[in-house]
Amino acid sequence: MPIVRVEMLEGRSLEQKRELVAVYTRELARICGCSETSITVVIEDVAKHNWASGGQLLADKKP
Amino acid sequence: MPIVRVEMLEGRSLEQKRELVAVYTRELARICGCSETSITVVIEDVAKHNWASGGQLLADKKP
Amino acid sequence: MPIVRVEMLEGRSLEQKRELVAVYTRELARICGCSETSITVVIEDVAKHNWASGGQLLADKKP
Amino acid sequence: MPIVRVEMLEGRSLEQKRELVAVYTRELARICGCSETSITVVIEDVAKHNWASGGQLLADKKP
Amino acid sequence: MPIVRVEMLEGRSLEQKRELVAVYTRELARICGCSETSITVVIEDVAKHNWASGGQLLADKKP
Amino acid sequence: MPIVRVEMLEGRSLEQKRELVAVYTRELARICGCSETSITVVIEDVAKHNWASGGQLLADKKP
């Protein structure tokens, strides 16, 4: 049932994604009382030139 | 007016997408009584390393 | 796996929603070769004062 | 930066939501190396008559 | 073509929404060279108990 | 707080995106009375073969 969508800057490793979906699925099932098999997690990698905060593209912000 | 968003694993052919958007537009117009020209369908191709079900990335599941 | 999201003006009947999710699930499974049980359809009812086309809220457009 | 969106059946308590957003924020910051203050979590409560799985509205499924 | 989605805390007036969709449509058409009639803007009003920043629900933050 | 999402055909320049996020942030802050630093804008570039209007993929429409 539940769908979790994580939008974040591109560049995270497969290992980070693996751990994130496992922890998010386990904790949502524990807290909200649903089965782990019913949970979908979708990750969206966003490029710096497609994400702005405070009116400025992250691609234009000094690291 | 209506917006339909289809998120699915990447890899479907142009032909499948062509048929899907035609059928989805026709059936939504028929069932919900709106004009076909008012319907937008957006397809999102999701990579296996960005989709998890049951706490596991599809990239890690045996085919 | 696939997630279908339909955003449309509020006011459709339960019967219309019932038929829409059944047809959308059947046709997506047929066209894209996935199982019907793996398909999720989410409907979002949008109020006229929250939807604009051509720069005008639908709540402000003459019927 | 990261935006987490959780869509689930309506009916969870404020307490469950409080715990979920705290855990999701902490774990995302830990796993993906970003600050907790940069993380937004949005919860969408979905009615049973707007969610279908396997072609059937949850409102029509026997509990 | 373009779809703009604005998620913000519930409580904005109809007048604010009217101005926002008009300005957003005009500016997107001007900057990105598309017709105003092709632009859809959808507003999502989010309750304070469904929005968290920094791990805390806005409903729990002191005003 | 507010999150603005713009889905449009791929191909816009970095310059167009830069101007769009600056104008959208400034105008949303002005109209809805929130701080510019609290506003996130995410742009999604959509391919012509993933966008359909009136039941036809844009990739299949004559320019």
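Order of writing sets the labels: A, B, C, D, E and F. Residues in every chain begin at 1.
Note that in this section a residue touches a chain if its C-beta (ideal position, glycine included) is under 8 Å from a C-beta of that chain, and two chains touch if they have at least 3 such contacts.
Chain identities (UniProt): A, B, C, D, E, F = Tautomerase.
None of these values were measured; they are calculated from a predicted model.
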{"item": "Joint neighbours of chain D (Tautomerase) and chain C (Tautomerase), given as chain labels", "value": "A, E"}
{"item": "Chain whose mean Cα position lies farthest from chain D (Tautomerase)", "value": "F"}
{"item": "Farthest-lying chain, centroid of Cα atoms versus that of chain B (Tautomerase)", "value": "E"}
{"item": "Centroid distance [mean C-alpha coordinates] between chain D (Tautomerase) and chain B (Tautomerase), Å", "value": "22"}
{"item": "Distance between the centres, which are taken as Cα means, of chain C (Tautomerase) and chain B (Tautomerase), whole angstrom", "value": "12"}
{"item": "Gap in Å, rounded to a whole number, between the CA centres of chain F (Tautomerase) and chain D (Tautomerase)", "value": "25"}
{"item": "Numbers and ranges of chain D (Tautomerase) residues touching at least 2 other chains", "value": "3, 7, 40, 42, 51, 53"}
{"item": "Listing of all chain pairs that touch each other, if any do", "value": "A-B, A-C, A-D, A-F, B-C, B-E, B-F, C-D, C-E, D-E, D-F, E-F"}
{"item": "Residues of chain B (Tautomerase) defined as touching chain C (Tautomerase) within the complex", "value": "1-9, 12, 16, 19-20, 23-24, 27-28, 31-32, 34, 51, 53, 58"}
{"item": "Interfacial residue positions of chain A (Tautomerase) with respect to chain B (Tautomerase) in the complex", "value": "14, 17-18, 21-22, 25-26, 36-37, 39-45"}
{"item": "Partner chain E (Tautomerase), residues of chain C (Tautomerase) touching it in the complex", "value": "7, 46, 49-57, 59-60"}
{"item": "Complex interface listing, chain A (Tautomerase) residues touching chain C (Tautomerase)", "value": "3, 40, 42"}
